[in-house]
Amino acid sequence: MKTALYAGSFDPITNGHLDLISRAARLTDKLIVCVTQNQSKNALFTVEERLDMLKSVTSNYKNVEVDSFSGLLANYVAKNNINAVVRGLRASMDFEYEIQMAQMNARLYDKMETIFLMTHPNNSFVSSSIVKEVFKLDGNISGLVPDEVLKYMKNKFNK
Amino acid sequence: MKTALYAGSFDPITNGHLDLISRAARLTDKLIVCVTQNQSKNALFTVEERLDMLKSVTSNYKNVEVDSFSGLLANYVAKNNINAVVRGLRASMDFEYEIQMAQMNARLYDKMETIFLMTHPNNSFVSSSIVKEVFKLDGNISGLVPDEVLKYMKNKFNK
Amino acid sequence: MKTALYAGSFDPITNGHLDLISRAARLTDKLIVCVTQNQSKNALFTVEERLDMLKSVTSNYKNVEVDSFSGLLANYVAKNNINAVVRGLRASMDFEYEIQMAQMNARLYDKMETIFLMTHPNNSFVSSSIVKEVFKLDGNISGLVPDEVLKYMKNKFNK
Amino acid sequence: MKTALYAGSFDPITNGHLDLISRAARLTDKLIVCVTQNQSKNALFTVEERLDMLKSVTSNYKNVEVDSFSGLLANYVAKNNINAVVRGLRASMDFEYEIQMAQMNARLYDKMETIFLMTHPNNSFVSSSIVKEVFKLDGNISGLVPDEVLKYMKNKFNK
Amino acid sequence: MKTALYAGSFDPITNGHLDLISRAARLTDKLIVCVTQNQSKNALFTVEERLDMLKSVTSNYKNVEVDSFSGLLANYVAKNNINAVVRGLRASMDFEYEIQMAQMNARLYDKMETIFLMTHPNNSFVSSSIVKEVFKLDGNISGLVPDEVLKYMKNKFNK
Amino acid sequence: MKTALYAGSFDPITNGHLDLISRAARLTDKLIVCVTQNQSKNALFTVEERLDMLKSVTSNYKNVEVDSFSGLLANYVAKNNINAVVRGLRASMDFEYEIQMAQMNARLYDKMETIFLMTHPNNSFVSSSIVKEVFKLDGNISGLVPDEVLKYMKNKFNK
């Protein structure tokens, strides 16, 4: 696989995301990690902050690039000669939704291929939203997000 | 089956809905297709626009009638001597929700019967909300909605 | 719906099956209930015994006929001008299998339509195989199968 | 089991909740039923009203106490020497979410144990949100909530 | 909870089973771990061998007893004044089957209560059958079963 | 991705398998398609026949090699420097089983990576076993298996 894309909100990036990035990077010549700019979603971090966090935590991976886009994933994939989109799978509920999105994307761009990696069982309960909720309630999230992200979180919430 | 009901938001009607209407119409003497007026849901099209679209795309079906209602589905079913409510099933996630609704409806009106048809595999990824999201991002939705609906969509978004 | 088919092993017929028959009979002009002759499955009752049981428990339904067939369901449906095949759904696991079968059948006979009814929550745990297993271990199955079937079961196992 | 916790929004308490309380109370020396104060959720009843309803409908259970908390469940469990958190399971969709929460809680407090009881099939379609929706549309919810709760509902909506 | 039952084939006992036993033992005054004698299942170990293995690996738990039974679980529960049956849950597929069994058991014995514990994510892929299959193909199963069980396995297969 | 493995019984190979092979071949430098020799499964075709069929239907793919193995998948992967194992996903039921196998394989060989591709919706109902069952009952399977496989099937059953 020459070039793969891993796109998401990354609001913020978790250790589950990072595990997926490290594994996908091993399978590809180039992995582009993209922040999707979704206006309807109320994000905690700005796109710039999320790009900064992503660059910081992926700096050791030589074949990982960081980018962002708005609009259709299918358009970004077509324009950038991406061979496959990588998605993480946690549970059956994810799966149904992911299949729907993958079929829609294949419809919008006929060379679109989606490949799925399972999240590691240790990370299967970690998501950006649950991490934010726990942190707001003063729960301990170290080990669930990279250390750099923890600093951004403390800064954002003045903790 | 004398009279069946197919109710939904139809905001807008998709080719998945239309496939279900054509198949349900073959199984019944009369099929009523109903726009449900749900105030809490933020609709793109007015009830009148949705009724117009429905009438337009179902005009070839002699035994299909178009209507709308607010309030409980169970009340509409009881008042109109409907023998069965038709629902489309796409995936396991739909299924759990549909079972909950069907059991609640059977509780509210004891003669209520719900029958399920599978969506065609080609339409299993099509929903009103994904169609709207793709269209807003300038994606091509022809083939996912009837041509008449595409005109309504272009008009609504000035595209 | 003019004619519908409800096919199964009925080895033996349970109250879950009977509930489905009574509900499907209300929705159709004619309901054919068919014992499928499946050589690979090791049946407890002969096809003749199962036909006798079915006739006995459905004798009150004027529009229910009992029959049996071997070979492909799709062929039986095509030959007998059946408008829809009725299936009961109990849980997500059923659902995946049922979708696979319905799609295969639609492929084998293009006019094939499958409609699904939910089993009543009270019967959702009842199946022919669990009824047989419980009865073999001297468990009480009255209320899970029609009384006539209980007599057949006692006779078969000399209980 | 010395002490178990059953926590939820109970906005309002349903007969499904009450069935679970009665069953969990039989399995434990002490069962604490807790209203969780979740600011982000738009509740119909105040915490005080929900505590009143809970006290009223659980007054016959000698070993049931009623309480409320804000913040992390894991903190409440650790502070109050609770041996297990009790959760009701209705369907596969619940299950995925419940597993995610239970794993997160086990991470936040390493002595946390979550036990699951199945909801009774008759209550499997009952939830606080569907009860509120049906009541708003003038549907009959007697038998779905305790009689005391029905009075609170009528009062709240002036019906 | 005074007395709970954890029943299974335990052919052989795995670290997944053992994790569940240790957690259930903390929640109960007495935990009975039972080998079910199921003639139709082709077991690798005799009931006596499985009882020996269970006694060996649970010898440190003061409130755990080991037993075996044939016939209906519901009868064993009724005869031995058991307050709840404990089951481990791994995934949605388990869940559907477990719900069916729990409902049948509640039907066979009306005081039957089933409580579910989640398997630890690290053990979610471990089952007796997969352990046997891997061992037959010379795979390394240490860490998946207790050390005592590994000896029994090596002995049985002359490895 | 340098080298990927797609392993299965292929008894026989279907158009669903072939679609997956063509898509996986586009994503990898080399794709090895392997017949797994599983003694416990009662196969219709010998390993040699299945290898012949695979070679025939994949002859146009320059980067596809055909092989077979017995024993553990993890050993084959380790010995042949395979970067990822490719699996097709059809539905939630597949998914649970696939996750279990992928976790076991990751345990047996720590560099093991499993990637999943969705089956095309048109093939989601096609499996080797359903194809054999339909063919035995004289159903039409052309379009479900490659033409070469259809010849092998006719030969095997003297049709």
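Letters A, B, C, D, E and F mark the chains as written, and numbering starts fresh at 1 in each.
Methods note: contacts are C-beta pairs under 8 Å (C-beta built on N, C-alpha and C of every residue); 3 or more make two chains touch, one makes a residue touch a chain.
Keep in mind it's a predicted model, so treat the numbers as computed, not measured.
Any chain bridging chain A and chain C, meaning touching each of them, is among B, D, E, F; the list is complete. For the pair chain C and chain D, the CA-based superposition corresponds to a rotation of 180 degrees in steps of 5.
In terms of C-beta pairs in contact, the better-connected of the chain pairs B-F and C-F is C-F.
Compared with chain D, the chain whose C-alpha mean position is the greatest distance off is F.
Separation between the centroids of chain B and chain E, computed from CA atoms only, is 48 Å. Chain centres here are Cα averages; for chain D and chain E they lie 30 Å apart. For the pair chain E and chain F, the distance between mean C-alpha positions equals 34 Å. Across the assembly, chain D contributes residues 91-93, 96, 99, 103, 121, 124-125 that each touch 2 or more other chains. Touching chain pairs in this entry, ordered by label, are A-B, A-D, A-E, A-F, B-C, B-D, B-F, C-D, C-E, C-F, D-E, E-F.
Put simply, chain C touches chain B in their complex at residues 1, 23, 26-28, 83-84, 89, 92, 95-96, 99, 102-103, 113-118, 121. Chain contact summary for the complex, chain F toward chain B: residues 91-92, 121-122, 124-125. Residues 90-93, 124-127, 130, 134, 137-140, 144 of chain A touch chain D in their complex. By the touch criterion stated above, chain D contacts chain A in their complex at residues 71-72, 74-75, 92-93, 96-97, 99-101, 103-104, 107-108.
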